[in-house]
Each structure stands twice: as structure tokens, then as C-alpha cells.
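Note that the chains are named A, B, C and D in the order they appear, and that numbering of residues resets to 1 at the start of each chain.
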Amino acid sequence: MDFNLNEEQQMLADTVQRMVRDQYSFEKREGYYRSSDGFSPEFWQQLSELGITSVPVGADYEGFGGSGVENMLVMTELGRGLCLEPFLHSQIYAAGLVEQLGSSEQRRSLLPKVAAGEWRLAVADEEPGSHYDPESIACMAIPCDRGWRLEGSKRVVIGGDSAKFILVSAKIQDTDGVSVFLIDPEADGVTSQSYPCIDGPRACDLALNGVYVECDDLLGAPGKAAPALIYQRGRAGAAQCAEALGNMEEAFRLTLDYLKTRQQFGAPIGRFQSLQHRMADMRGELELARSMVILAACVADDPVSDERSRQLSAAKFVVARASQFIAEQAIQLHGGIGMTWEYSLAHHAKRLVMLAHQFGDDDFHLAQYSALLDLPRQVA
Amino acid sequence: MNIHFTPEEQAFRQEVQAFLRSNLPDDLARKVRLGRRLAKSDHQRWQKILSQQGWYAVNWPVEHGGTGWSVVQKHIFDEECAAAGAPRIVSFGVNMVAPVIIRFGTPAQKDYYLPRILSGEDWWCQGYSEPGAGSDLASLKTRAHRDGDHYVVNGQKTWTTLGQHANRIFCLVRTDPGAKKQEGISFLLIDMDTPGITVRPIITLDGEHEVNEVFFDNVRVPVENLVGEENRGWTCAKYLLTHERTGQAGIGLSKAALEQLKRIAMAETVRGRPLIEDPMFRARIAEVEMRLMAVEMSTLRILAATRDGGVPGAESSLLKIQGSEIRQAITNLMRKALGPNALPFLEHELEPDFDGDPLYQDYSAAPASQYFNMRKLSIYGGSNEIQKNIIAKMVLEL
Amino acid sequence: MDFNLNEEQQMLADTVQRMVRDQYSFEKREGYYRSSDGFSPEFWQQLSELGITSVPVGADYEGFGGSGVENMLVMTELGRGLCLEPFLHSQIYAAGLVEQLGSSEQRRSLLPKVAAGEWRLAVADEEPGSHYDPESIACMAIPCDRGWRLEGSKRVVIGGDSAKFILVSAKIQDTDGVSVFLIDPEADGVTSQSYPCIDGPRACDLALNGVYVECDDLLGAPGKAAPALIYQRGRAGAAQCAEALGNMEEAFRLTLDYLKTRQQFGAPIGRFQSLQHRMADMRGELELARSMVILAACVADDPVSDERSRQLSAAKFVVARASQFIAEQAIQLHGGIGMTWEYSLAHHAKRLVMLAHQFGDDDFHLAQYSALLDLPRQVA
Amino acid sequence: MNIHFTPEEQAFRQEVQAFLRSNLPDDLARKVRLGRRLAKSDHQRWQKILSQQGWYAVNWPVEHGGTGWSVVQKHIFDEECAAAGAPRIVSFGVNMVAPVIIRFGTPAQKDYYLPRILSGEDWWCQGYSEPGAGSDLASLKTRAHRDGDHYVVNGQKTWTTLGQHANRIFCLVRTDPGAKKQEGISFLLIDMDTPGITVRPIITLDGEHEVNEVFFDNVRVPVENLVGEENRGWTCAKYLLTHERTGQAGIGLSKAALEQLKRIAMAETVRGRPLIEDPMFRARIAEVEMRLMAVEMSTLRILAATRDGGVPGAESSLLKIQGSEIRQAITNLMRKALGPNALPFLEHELEPDFDGDPLYQDYSAAPASQYFNMRKLSIYGGSNEIQKNIIAKMVLEL
């Protein structure tokens, strides 16, 4: 049992923290948000030059081969800075899917480019009616000569508008299982509608009208991709918990500062006991969340098991509840100022609440955990 | 003891329903139901319809053009308007400054301002909050000094709701800087066109322009625009705050939002079934509905007590807390009901003039924005923490 | 819409309040609790002399014919005094069942005696596995010559040890519906185990081994009693909410007094803002509970409808949550002293929490309400 | 970074498990699991078994008979003991007064008292709280004045847990009434057989006799029973409180209680099905288990930090709050799981010597009593409100 970082890990954390501090002031972020890309290609470039984009990718594919712990360190800092780049969705989620499902040829052709930050990927697994369940999809792959034609629509593909390739989930006609196909968003039949999410990052909806995919564009065996999607959603969810942690720490810090400086009724409002206790409650939730972030990072790469699924669901649950609590209380303690667009806290709060809308919210994971509840063999 | 409405009250409800069926424009009701933003003209359209019916100034005495309704009738009216999707009344003129003018104003002020409010000619906004003050309203710094037959106003107001539409603002200003906190404050009526006034938008976290900062730079206000006595403005302020707090529970709005929540939960699917059939989510709706029932009953109890001659006391603080928490809980569930569909920030779909096809569903664009917007409910009108202080002090005598 | 009491109602409330104040000091209650009856026969006698025992019984049977409102007034005061007499179970629940189900002969033979306080009744409807659902029972009525023989066991029959007759629910062999039988607890085949409940009142468990009941001892048509049980549980639950209200008011009063007198760190602890806000929260819950008590009292005697069921479930839910919150916070604000047997507050707290264990707790009624949720005709 | 236990720690866990399998008496484990009350002899029996194994004084230095275990080993030991249903260690002697004696005591005190604690000859209780003091420990009034080679003690202590079994009590007494609050306090070791001591039971709301009042009427205590310096007893008190707070999260006990909750939910039925299959109740169990997982991870983090040389600071206040809330949540669910079966108050079924047939089930008598008893967790050891004050002051510097 060891909660210390090794020297390399500490250096990684420090590097990303410094980069974010230097490049991601709130004012700059506003600029990136309003730019055509919706994020900062320069910052991405720097992440790539310092090898950060390669951290999650396997060492066999010119990646750094980082574990859940390294992903945690990077994501915590990106979360603290409210960074808009699709690091999580491209480098961790999509790259993880390719590494788990892809043929060695697919991996070799894609992953080095991803590790280098040259190509970004995105995953299109949510649909209007899927509600966090990668198996509840209607998108169809209709077999045709030497491949398939994809029909259907995909929702909220984070980073989809700037991705080189998109991994699309679909069911092959007249079969049950889920398959994952690699598509070029520029391909015929793909219509993409891009927009910002309410918490900042850019996403798109996809309409797929007979999009042709070759046999080589299928990742893994036909109809067998669901376990990989679920496994990688677990890894991505763990990394997202770390993002929430960095964010919460910053929201907490801003609020604590505010309580110490804001004067009302002749004293800093932090003197009021009811607000002090609220801060203590927030601090408690923050510590529980931190513990679960660490747990999730440590088990994210474990082999599939009920225990891992329970731990990852518990992490998402605890972190989602803590995030919403801290977001709401941070606004409440700030008063009106906490609700204004021009103050960073409001954006921290938005992201903290909306993170639950990816990879399953607290209700979803409560149900997951509940289904997997470990029961004693003996009745009372 | 009887919780049922009298036959007369039930007949009144039917009359209101019939009026709304024939007079509330569908497009307006739809915008409200879907949580879209309303244009100034939307508000004005509805204001005119109500005025023509004589149902706009529900809180005024009959002699000034009010309805003469009982508190129960007003409650029924509010509830039916909310259920039908009528735009919320912008209350700064008709329900805030007007009662103050009626109570404390000169005959000339009454004759001039009240008809202009009824006709919709004047749009009022409120100059109460200041950047440094927050919940400590009386610590305001905007000052006015007498110069001949004018006050000269300098300072800044903030959180001025819909100030961008207003041609008039009522302000609390400090006229005696030497006096104690709540003394030395005066209540002024100010024309927004007066030179020296600047309005700067505040954009809130949901991207909406609802509130503003208002700057006063040597703004000259005729002395006849003072309401009540100089340095006694706090009396007006307190009177107004009491009026503001009543009805803050927003039962009708919460009921309408709950209805919309159920509709969304019936339309959205989870694992191939409507979300409303998910036992856990359904129970969350049930729970908030039961609490809302309790808050509604509490509101009715207070209304009845008011009707029987009581003054809404600190109970209104309890209702403000509970009403805001319930409304927040409902918008929270609405956001959650959408799952990933809550993420897209499609501001154009929220605009008053949007009439294209929505990217997903007509109901899906607003809930996440509304959830964030509704955080204000526990902050403004005296934060919920301040309300608890009031209860502790006034009711519990701690 | 009228929340005022008429003169007669106000007099009723005042009368019971005065009786309780005079006869039910906490010290006296301790004595009643430890006595062989487990309550005060003298107090019961007084209730009867002043006509209070007759309040819930119909005017056709020498009762006062009180409505839910009168029941509310009586129960609020009995709740304030933590009274131990089985008024609710005998005069409201059991008598209500007899009035709804019984033949005119049964009603005439039982109810006047009940109204007069001469006979008490009890209802045996819970079983080890019933968990608040009167239809989930295993007790069996086996047809025999000119009647039935009852087999099975009944749990926690409140007031059962001092009842003249007990109403027992059972299913007639090889049929599905629930029937209610009147038994004499002294009859052959009845074994009764009596005990106090943790919140004070006396109850018993019944073992029924071939207890003979005549045809005349069946209440209502065979197998058709479930609706009446559910309806009367609604009435009784409403009255129990009123009992909780009186109790909560007293617990709140005791706690507020304590906050004003108890000194710590050099000031009355009521000066601490966090405790002030807690009291404000308690006051808020108390007001919501009061509103639901009134609502429940006003609809308790309405005809069966989904709306009535929803309102009564909502009342039980809101009151159960408020009761537990106030009980727990009252103890917490008192500190250790609030946990001692010799201080009345502890007993208020116990009763407030345990009231939920009769007629369905908050979870049970949340599920009930949920099942009856009123949905709009139109989907969004 | 690695959350897994080392192979050595895992081997240690197996060793503990094997020891418990062969040495923990079944009847004792059953009583604990079912929440029955324990007799003095039950505690003593287990104490002897542990002592013989050399595993009783886990927190002591090896030279005094301690185990020399790491914090992680201690955690594993606690967890396995709780999981197996071992009686909780009564900590007043071995884990409270002993560390103080070891740290501040004279050689003579160490030689005399420590072996008697190890052997079980002495049973200690704690004389800290006083009727007027509550969470404001330092406001204590029990006084001791010097009379020759004795202190003469007068006053009253309260909430003295298991004082009825004790032959010794350690007390904070005021030796300098003129000094400031936390000064002028001394730490005394007192023989309960000394004339002038009266123990009066306090019965708690669950009918249990667990705590007592202890009265001191001119009790003569030899001066050599003073620990540390006169008037410097607060140093000992603070040292002891730090020791007390660590491990207050009670992870092992909560896990064992959660296990029992699941068993009850599997045994009780609702509408003919096991309660554990009810989606709402199952989700409530899942929720508390997830939170417990988080508190356990937090505990491990603090343990690791302690091992690496840190001092458990205000984090232990957070754990105390969270640990108590979780334990309370579990007993709440246990009570609810029983439905009407929670009502009977069958005290005889809870007694240590009960071996008859239960009226209903062997698991059904205790949960309601335990739920009420567990209210103490958020009150004692510094109420949860006090813990929040500590966090606000020490961690947040507000």
C-alpha cells in the first residue's frame, strides 16, 4: 500500500501543472472556447512536444505506456485548468479502444500518430436513446459488397469535430452484438453538426446515411465489441474522475479564498459558522472523492472482474455526487458573482456538474453497483 | 377546517382557465413550457392581454385599476397561469414599485406612474443591490446629494434584472452618509434616459443576458421623484421586500416544471424503455412531487392566514427556502433525465425567435441551462442562509 | 379553504390537551409504562367519561361521529404527551374496520361498547413476512363445520394484550383474498406473547393453532376485506401523522428551550449559527409535516380514489421523514443528555422514529406513491 | 502508487484470520454479530485470549509488551477482528491511559500499571466529561487540592463508559482554580475502591447500562498517582485525544454491520420476495457501501501517511464525521429492513446470558436498539459539530 508518486510521476504532474498554469489562464481559455477549433491547437502541440499526448498510449506504439496513475496525473491538471482539448476522449478512450480491439495492423497504423498528437480520434457510442448504455443502440451496419453501410445517428461525440477518425458503434443487421467501425468524418454519407457543450468542450452529432466502411475498418470481431466498450468506458471514467478532482480542488480553493476576503455585515463571510461548516462538508466530500480517484486509477487497468466494475462505478458515483455538491455550494457561497460567465468559478461549476453526463451519472452507476452487489453466502 | 376550495373559488378557477384558453397565444405558451428565452415583445404582448382583461394589477386596490381579488383568488390565478404556460409577470413595476407608490407616493406620483405601468408604457427595473453589498442590502454606497431641486446620484447598482428593457429604475440611495446603516437612505424614481446612466450587461453562466450593472455618473433626478421622506427610504424598502417574499415559493411554476419533467421522462429512453418506468428515477420524481404537495399546502395555510387578517411573517422565509429547493430539485432531475442529451449548448435554439428544427428534441436544449440558471433562486431575494438567520432571530428568538 | 377549527373542535383539542397535561407528566408515564397494563386504565376511564373514546365512532353507534379532523385533534394531543393507550389502534383503526366491514348486528354489538371505552379492540394484520402489506399474509382460515379454524402467526398486534377482541386477517384455504375474523384472545388455540414496543406501547404476538371462529365472526364477505384494510390503514395512518405532529412540536419545544439555556464556550449554545440554521431546518420540516397532517385529516374520510391514496401516502412519507429528522437532530443538539432514559426527549425521539414502523414507512409509501404517479396524457 | 497490500501484509492477514478461526469463541462472535450486550466476563475472556497471543497491546512499544506492528498491520488486525465478530477492545486501559503512562508516567507508574493492564487485572474507565462541560472539555470543574501527600478530589464526572466494571479511573481534575481554562488541570490515576467514590448508572434510551456518573466526595489520592506535572494535565489530555480520534472511523465495524444488514435484507421478505431484491432498498445498501469504500480508502491514505512519518491531523476529524455517519446510516437501514419486526423491545433477548428461543429471529431484537444507541457516535469523542469547527480552524484557517 503506497500512495506516493515516484519521481517520474511527480515530474509528469509538475510538467502538466506548469503548462496549464502558463497557457491556460481563464482569459486565454475564453479565447480558445470562442475560436474556430474550440480549443488551443498550440497547447495540443505543446502537449505533444513534451510527450504528454503519448502518455496513455502503449509503448509498443511509440507511446509512453502510462498506467491509470499517469492518466490520473495528467487529467487532474487538465481538469484544474478547465482545458478544452479532447485529451480524454482521444488519447485515453479512443486509443484504448483501438489498443484493445484493433488488429495489430490497425494499431500500428493509428496509435503512433495518436501518441504523437498528430491525429486525434473520437468515439461515437452514444445515441439519442442510449443513455450511457453502449449496448442500447439503434445504429445499423448493413452488409454490402466487401464491407458495410452504416445507417443511424450518433449524439454528442466529444472531440468528433476535430477528429481524424471516429470510432462508431453499430449493430450488424439481424444480429445482436455491438461492433465498432472506424470512419473518416469526411466520408460520403456522414453529416456532422458541431456545437460546444454547455461545460465548454466541442462535440458533434453525426447522421450516417449509408456510410460505406470496408472490412478493414471493423475493429475486432463482428458483434463482439461491447465488452471492450464497457472496459474502456471504465478506464475513461476513471480518468474523468481525476479531471473532476483537479477541478474540485480549484473550485474549493477559489471559494475558500472568497470566504476569507469577501466582507459582509462587517466581517469576512468566512467567519460565519454555518459557512465554515459548509466548507468542512465540502472538504470532506473532496477527500472522499480524492480517495476514489486514486482507487479508480489503481484498478482501471486491472483485468475485467465484478470487483473492478464495482470499484469503478463506486468511483464515478462518489465523484459525481461530490462534484455536484461542491459545484452547487461553491456557487451558493459566492452568491451572484459565482453565476457570472466572466468569473472562472462558474465554468468550474458547469463542468463539475456536466461531467456526470458522460460515461454514466450517479444514478446510472448506483444501478450498476446495485446489480453487482456482493452478497454474503449465508442468510441471517 | 376544510382544504377544499369554495364553489365560488372553483368557478373563478374555471373563469381563469377559460380566459387562458382563449387569450394566451400558443407560441408564447410553448416557449415558456420549453424554457426558451423571452423577448421584450413577448412580455409586452402578454402584459397587454392581461391589461385589457383588467387582470394585470392583481395586487392593486380597485380604485387604481386593481382586481380586488382575495389572496386565494390570486393564488388560483398564479397557479393557472403557470399551468397554462403564461409568461411570468415581470414584477418590478406592477408588483414592486407600484405598491410602494400607492402606499408612500404623492398624489402626483400616483397619477403619473400608475397608469403608465398599467398601460405598459413604463418598464421598471430595480436598483437595490450593489457590488459590495450582497445580502447585506443596507450597506449600500450609491449616494445622492441635493443640488437645488435635484438630487445628483453617483454610484453603481448591480443584478438589475431585465434592466436592458427598462425605461425607469427605482433606487435606494444614501442621502445622509453620516447616519447609521439603515438610516440616511432614500427611495428615488429615476428615468433611465437621464444623462449619466450606463447599463452594462452581465452574462450569466448559462449564457443568458438577464441581469445588468447600472452606473450612475452625476445623474440629476428631480426632487419630486423622491418617494416618502428623505432618509426614510428603508421603510419603503422593507415594505417592498415583504411584498417580494410572498409568493416566492413559486408553487405554480414548480408544478408546471414538474409536469414538463414527467413529459421528458416519458419521452427519453433507458435501455429501450421510457425513463419514467425506471423505478429509481420514478421514485425521485415521486419524492419531489410529495414535497411540493407539502409546500403547496403550507402556502395555502399562509394565504388563508393572510386572508383572515394575519401578516405573512417569517413563515414566508421558510417557504422561500423550500420553494427554491424544490424548483432546483426539479430542474436537476430534468437535466439528469436527458442523460448525454443535456450536454449540447445550443443557444440559438433558446432564442425567442427560433423556429427551426431542433438538433434533437424541442425540449432538450433548455434543461441544463435552466438547471444552472435556477441556482439563483437560493441566492437572490435574500439568500437561503439569510432566510435561516431571519427564522432563527424572528421566529425562534435565538 | 378554511384552516380554522370551529368552536366545538377547539374545545375538543383544549380538553384533551388539558387532560394530557394534568395526567401525563413524564414521571407518571414512566409509572404507566412499568405497570402491568403498560398504560393508564384511569386515564382511559377519563377519556371515556369525557366522551373522547367515542369521538371516532359513528353517531349511529353511540359515538360522536368525528371526522378525520377530530381524530387529528385528539391524536395530536395524545402524541404530545407520548400517551401509551391504544386509542389509535382500538378507537380509530379497529373500530373503523368494524364500521366498514361489519354487519349491522356486528356493529351494534361491538361499537357502542367501544365508543364507551368499555371494550378495546385490536387489529392483527401484520405477520413476520408482511412488511406493511396487508395482502402479503400466510395466516390461513380452514373451513370446518359452521365456521373456520385459524392457523398461523401474527406479529406486533398493538394493544392486543388488553383487547377484548382482536380482528385477525387470514386467507381462506385455497382462495386468494383476505378475510377478517373477530377472535377472543382467550379462545382455545390462541397463544399470546406480550411485550412493550421500543417506543413504549404494549403489543403482542399471536400464535393461532386451530382457533375456531364461527360464521358470525367473519367481518364482511369472505375474501373481500383487503380494500377495507387498506382504506382503514389510510385513516389510521392519517391519525398517526397527527400523533407525530404533537410529538414533534414537543420535541422541538424541548430542543429550543435547551438551546436557550444550555451554556457552552461561554454562551447559550443557541447563539451558534450552525445550530440556529439546524433549528430553522427543523422548523421548516415541522411546518411541512403540519401541512400534510392537515391534508391527511381532511381527506382521510374521502371515498377511495388514487388521489386520496396519493395524498395519504405523501402525508405518511413527509411526516416520517420529518419525524426522523427532528428526532435525530433533537438528540444531536441535546448531546448525551438527549440519549438518557430519564429525560423525556429520548422517548419522544424513539416514538418519532418508530411510528414509521406502523402502516408503512417512508420507503413503503414512496413506492406506493410512485406506483400511483399521475402522468400527463401527452409525452413531451 | 499502489493500493494493494504487500505480500507480507497479506500473509499477516492470513495469520490473523487463522488465529481468529481457532481462538475466537463461537458464542462470543455470535453475540457480537447479533448485536447482543456483552458481560464483563465476555470482554475479559477475549482480552485473555489476545494477551496470551501477545496481541492485546497493539499500540504499545515492544519493550512494554506491545506488538511492534505497523499502522497497516494494526488496520488489518482491526478489520479482521471486526469481520470475525470479535468483541471490540475496551480501550480505556490499553489504548488510552496506557499510552499516556508510557509517554508521561514515572518508571514506577509504568512498572505498576502496565503489567496489570496487560494481564487484565485492572479495568480502567475515563473521567473526562462533566455534566456542565459537554464538548467544552476544558471547562471542567472537578477539583483536587493538595493535602500532605494526597490530593483530595471533589466533583463529578459523567458519561463514564463501563465504569461499573472498572476498578480504576483516570481523571482530569482542576488543581489551580485561578488559572486559565486549559491551564491548572492535572491528570490523576484513581483507585475506584477509594472511599468517597460513588458510581451511579445512566440508562440510555435503548435501556442499556453502558455509561455512568461518578461522584467524588473528598476522595484522597496519593500524590504519586499524578501523571506528568501538576497543572500540565491538558498536555496528557490532548495526547490522549489524538490517540482516541485515530481509528474512530470504525471501518471494520461498519463493514461487519453492513454484512449483517445484507443478511437481514436477504432473510426478511416484502410482498413475498426477499427485501434484498427490492430495487430501492438494494440501492440504499449499495449507496452506503460505496461511501464506506471511499471512507476506507481515506483511512488507508491517512494510515499510509502516518506510516511515512506524518501525524494524523485534522483529517482524522473528517474521518470521525464520515465514519460515524456511515455507521449510523447502516443501523438505520438495518432497523428499516425489519419493518414491523423492529418494534418489539425484548431486552432479555439482548442480555449476555440469553440462550432461549427468540420471539421472532435471532437477528431481530437488536437493530432498533442499536440504531438508537448509535446516535452517540456523532455526539461523543468531540461532537461532529466540534469536528467541523476544528476543520474550519485548523485546516481551512477560517
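Here is the rule we go by: contacts are C-beta pairs under 8 Å (C-beta built on N, C-alpha and C of every residue); 3 or more make two chains touch, one makes a residue touch a chain.
Molecules present, by chain and UniProt name: A, C = Pimeloyl-CoA dehydrogenase small subunit; B, D = Pimeloyl-CoA dehydrogenase large subunit.
These figures come from a predicted structure and were not determined experimentally.
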Of all other chains, the one whose Cα centre sits farthest from subunit A: C
Chain centre separation (subunit A, subunit B; CA means) in Å: 38
Centre-to-centre distance between subunit C and subunit A (centres being mean Cα positions), rounded to whole Å: 52
Between subunit A and subunit D, centroid-to-centroid distance (C-alpha), Å: 43
Multi-partner residues of subunit A (at least 2 other chains): 272-277, 366-367
Residues of subunit D engaged with two or more neighbouring chains: 279-280, 283, 385, 388
Graph class of chain-chain contacts, one of line, ring, star, complete, other: complete
List of subunit D residues in touch with subunit B within their complex: 279-280, 283
Subunit D residues within the subunit C interface of the complex: 129, 132-136, 139, 158-159, 202-207, 211, 268-272, 275, 280-281, 284, 335-336, 338-346, 359-360, 368-369, 371-372, 375-376, 378-380, 383-385, 388
Interfacial residue positions of subunit A with respect to subunit D in the complex: 1-6, 9, 69, 256, 259-260, 270-271, 273, 275-277, 279-281, 283-284, 287-292, 294-295, 297-299, 311, 313-314, 317-318, 366-367, 369-370, 373, 375-376, 378-380
Touching residues (chain side subunit C, partner subunit D) in the complex: 126, 128-133, 136, 155-156, 193, 195-199, 203, 205, 262-265, 272, 274-275, 328, 331-332, 335-336, 338-342, 346-347, 349-350, 353-354, 356-358, 361, 363, 366-367
Residues of subunit C defined as touching subunit A within the complex: 272-274, 276-277
